[in-house]
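In the two complexes below, chain A is the common chain; its partner is chain B in one and chain C in the other.
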Partner chain A sequence: MYLKVNDIEKAYDGHPILQPLSFGVPKGKVLSVLGRSGSGKTTLLKIIAGLETPDAGTIYLEDQEITNWSPQKRGIVYLYQEPLLFPHLSVQENIGFGLTVRKVAPNIKNDLVNEMMDHLGLIEHRSKMPDHLSGGQKQRVAFGRALIISPKVMLLDEPFAALDNQTRMQMQVMFKRMATRHNITALFVTHDIKEAIIMGEELACIRDGHWQLYHSIKSFLQDHLTGVQDEINFWKKLDP
Partner chain B sequence: MTRKLSRLALWVIVLFPFGFILTLSFGQRWPYPRLFPQSWTLSNWIEIGQSGAGITSSFWLSLSLSLSVAIIATTLSFWGSRQIAFHPQKQVLLRFAYFPYVFAPVILAACLQYFFVRSGLYGQLAGVLIAQLCITIPYGLLFFSSFWNPKRKAMEESVYTLGGNVWQAYRMVLIPTARPTILTCFFQLFLISWFEYGLTQLIGVGKVDTLTLRVFQYVNESNIFLAALASVLLIMPPIVLLWLNKRYIFRLNTNKDLL
Partner chain C sequence: MSYRMLNQWVGPIIFIALSVVPLLLGIGYALLYSLGLTGIINNGFTLAHWHTLLQDASFWETIGFSLVVALSTMVISIALALGLVLREPTRFQRPIPSFLMYMPLAIPAIVMAFFIFQMFAKGGWLSRIAFQLKIIPELQSFPDLINDNLGIGIIVSHILMAVPFLVLFFTNIYQNEDIDAYRKLAFTMGTSRKMSLWYVQLPMLLRPAQPTLFLYFLFVMGSYEIPLLLGSQSKQMIAVLTIQKMQRYNLADIPQAYAISVAYTVVVILLLYIMVWVSQKNRSYDP
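And then the complex of A and B:
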């Protein structure tokens, strides 16, 4: 496994958030993680990103233990529900931020930023400031900013939750296209069943800190705890 | 017409004290019951330009002291408020920051006096600087406490996962996005230090002769002309700061809706 999580545990004030959980993600695969608010999915992502420390357990990336590594060293980018663009930087400066902190030569940086903006359809917005962009455009910039540094793993914490339905669908298509092009290894957290199925090659569910991995869509659909059957029944009832 | 007159009256009320002090700084001999000073002269101003009469040196001393206090306190309180904001005991720590204001700065100074005497800082410029930091840093901590929120933290974390270090997070993201807030805090801390009297008098024992102390000294000596002159010098930097604030900071705040 490219990314391996072994027996990770976390509790706050004695209240367990994550029960010992283990899983792995192969290189170039997207694992969708479904979970309700407060189920511990954000805590899990933050632990993998190095932004929180686990109470127990280990994390391996490319067969190296990274449990105690700083976020900077891991090469794992965390994308929040909000794009969190830097408000004082333009679109191109935001996208090139990861290269700026790595002190990449300006000419190489410009080429990479232009290429990324071209892929994301942001060329005409290059000089705009974040507050002049729509929600979808902001999220595309956030993706570009993450992708340009070729992260080993991307952690996406409900990145499309704040978008309207149409923009959300466009972003899902865009992410799938970019994931294939860049061979992205990712954990995609969502509370939307349909989005989880669309985005992930594998599916997992996190409930009250417990982890359930589904190796096929069929097994995911059959488990009544995922809520898929309730959803299907709801739509069937509406069928005239 | 009424509005124009009201506006004029307002300007007169606001500007009168400044005009009066400035006029008075050019006066000489003002016996009762004359409405205005007996004669007008530039000699007060020439005197401070030549011999200094101590006022010029007090002006530069005050300016360097207040700038040092404002720079050190703004820097430390910006960094410190970040540490407190995300600390599990945030509320307890913030309560300590209210201490100097609950007891009043002079009482705080009286409490700390023993330590200043023991450490040889009593009557020294360094002592006054440290004493002023004791009241300005808590002010800065309280000022910045509302600046830090979960969104700022997430933004800082974004810098780390993108490969940036702490220094880069501050230099490239946190400080630029906080610039208007930092400048406002800097100005306020400068003004607190600039007009500070009790604490400076108590710890400086009159040896650290700031401009504010000098104004009080002239007032006590009934030297109203030199007191007026020192007052003009005293209000000059705050007026410059107000102008800068209106011209640059206010514009930054209104043009850029940061977070």
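And then the complex of A and C:
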């Protein structure tokens, strides 16, 4: 496994958030993680990103233990629900941020930023400041900013939750396209069942800190705890 | 006029009547007075008062001194406040540190000036302590920190008042802009703590703070009580010079006082223009 999480545990003030949980993600695959608010999804992602420390357990990336590595050394980018574009930087400066701090030569940086903006359809917005962008455009910039540094793993924490349905669908298509193109290894956290199925090659569910991995869509659909059956029944009832 | 239109215009009209009109009338009166067109001893239009003022080296020295005091105060206060906030951004949200920061804000400027006088004067506490500890041979050997030509006493007083205000101000921005989330995001993108400070935290804190910092700069530049008590006679700040000229027995000085007021207003408007120009220029910022 490219990314391996072994027996990770976390509790706040004695209240367990994550029970010992283990899983792995193969290279170039997207694992969708479904879970309700407060189920421990964000805590799990922050632990993998190095922004929180686990109470127990280990994390391996490319067969190297990274449990105690700083976030800077891991090469794992964490994308929040909000795009968190730097408000003092324009679109192209935001996308090039990771290259700027890596002191990449300006001509190479410009080429890479232009290429990324082209892929994401952002060329015409290059000089705009974040407060002049729509929600979907902001998320595209956030993706570009993360992708341009070729992260080993991307952690996406409900990135499309704040978008309207149509923009959300466009973003899902865009992410799938970019994931294939850049061979992205990612954990995609969402509370939307449909989105989890669309985005992930593999599916998992986190409930009250417990982890359930589904090896096939069929097993995912059959588990009544995922809420899929309730959803199907709801739509069936509306069938005239 | 419909009720809707009336409702739309009431606010701006009240604002203009209470704020803009008195200000313009005041500046207009000062300008007329400085040109000899009104006032007790006016003899008709003349540029003599302006001529005298603009050729007076002490006037330019006063403008320069006021700028230097305000600039020194702001640079030191901003650096101290940023240092305190960035060290632990949530510290000043706790009750006791927050109370300790709010407390100095309630102290009037004149009280702070007296406090600094008691502390830094040649016969003050620090001087006496230094004498008792045999650091200085006599009280008079204590360095000039009050009524000095460098304005040290004035700057220290203003810093003591500005730092608590700026700490609370920056803490608010830090929380409202959720700068910690941006900092963590930058970490996952490979940014070191130092880089995160320069490329993320400082620009995100200082950019929205610019207008307030500029207003505070103007407040220090135009301050009166502190420089009156702690300033020197040879180098005065602008408000002290203006009031002194205004209240002298020599009536011929009054038009000059008004000319200083108008000149100061011009300087402020010029600085305001520069600030707006700089902030527009900085909107597109590449780290």
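Just so it is clear, the second predicted complex is superposed on the first by the 240 of 240 C-alpha atoms of A that agree within 3 Å, B and C clash if a C-alpha of one lies under 4 Å from a C-alpha of the other, contacts with A are read in each partner's own complex, and residues count from 1 in each chain.
By definition in this document, a residue touches a chain if its C-beta (ideal position, glycine included) is under 8 Å from a C-beta of that chain, and two chains touch if they have at least 3 such contacts.
Source: prediction; values computed, not measured.
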item	value
Side-by-side fit of chain B and chain C on chain A, or clash	clash
First, second, both or neither for A:131, with chain B first and chain C second	first
First, second, both or neither for A:63, with chain B first and chain C second	neither
Residues on chain A lying within both footprints (that of chain B and that of chain C)	49-51, 70-72, 74-78, 80, 82, 84, 86-88, 97-98, 100-102, 145-146, 149
In the complex, chain A residues that touch chain B	49-51, 70-72, 74-78, 80, 82, 84, 86-88, 97-98, 100-102, 131, 145-146, 149
Chain C residues within the chain A interface of the complex	177-178, 181-182, 184-192, 195, 199-200, 203-204, 207, 282-287
Residues of chain B that touch chain A when the two form their complex	151, 154-155, 157-165, 168, 172-173, 176-177, 256-259
Residues of chain A defined as touching chain C within the complex	49-51, 70-72, 74-78, 80, 82, 84, 86-90, 93, 97-98, 100-102, 127, 129, 145-146, 149
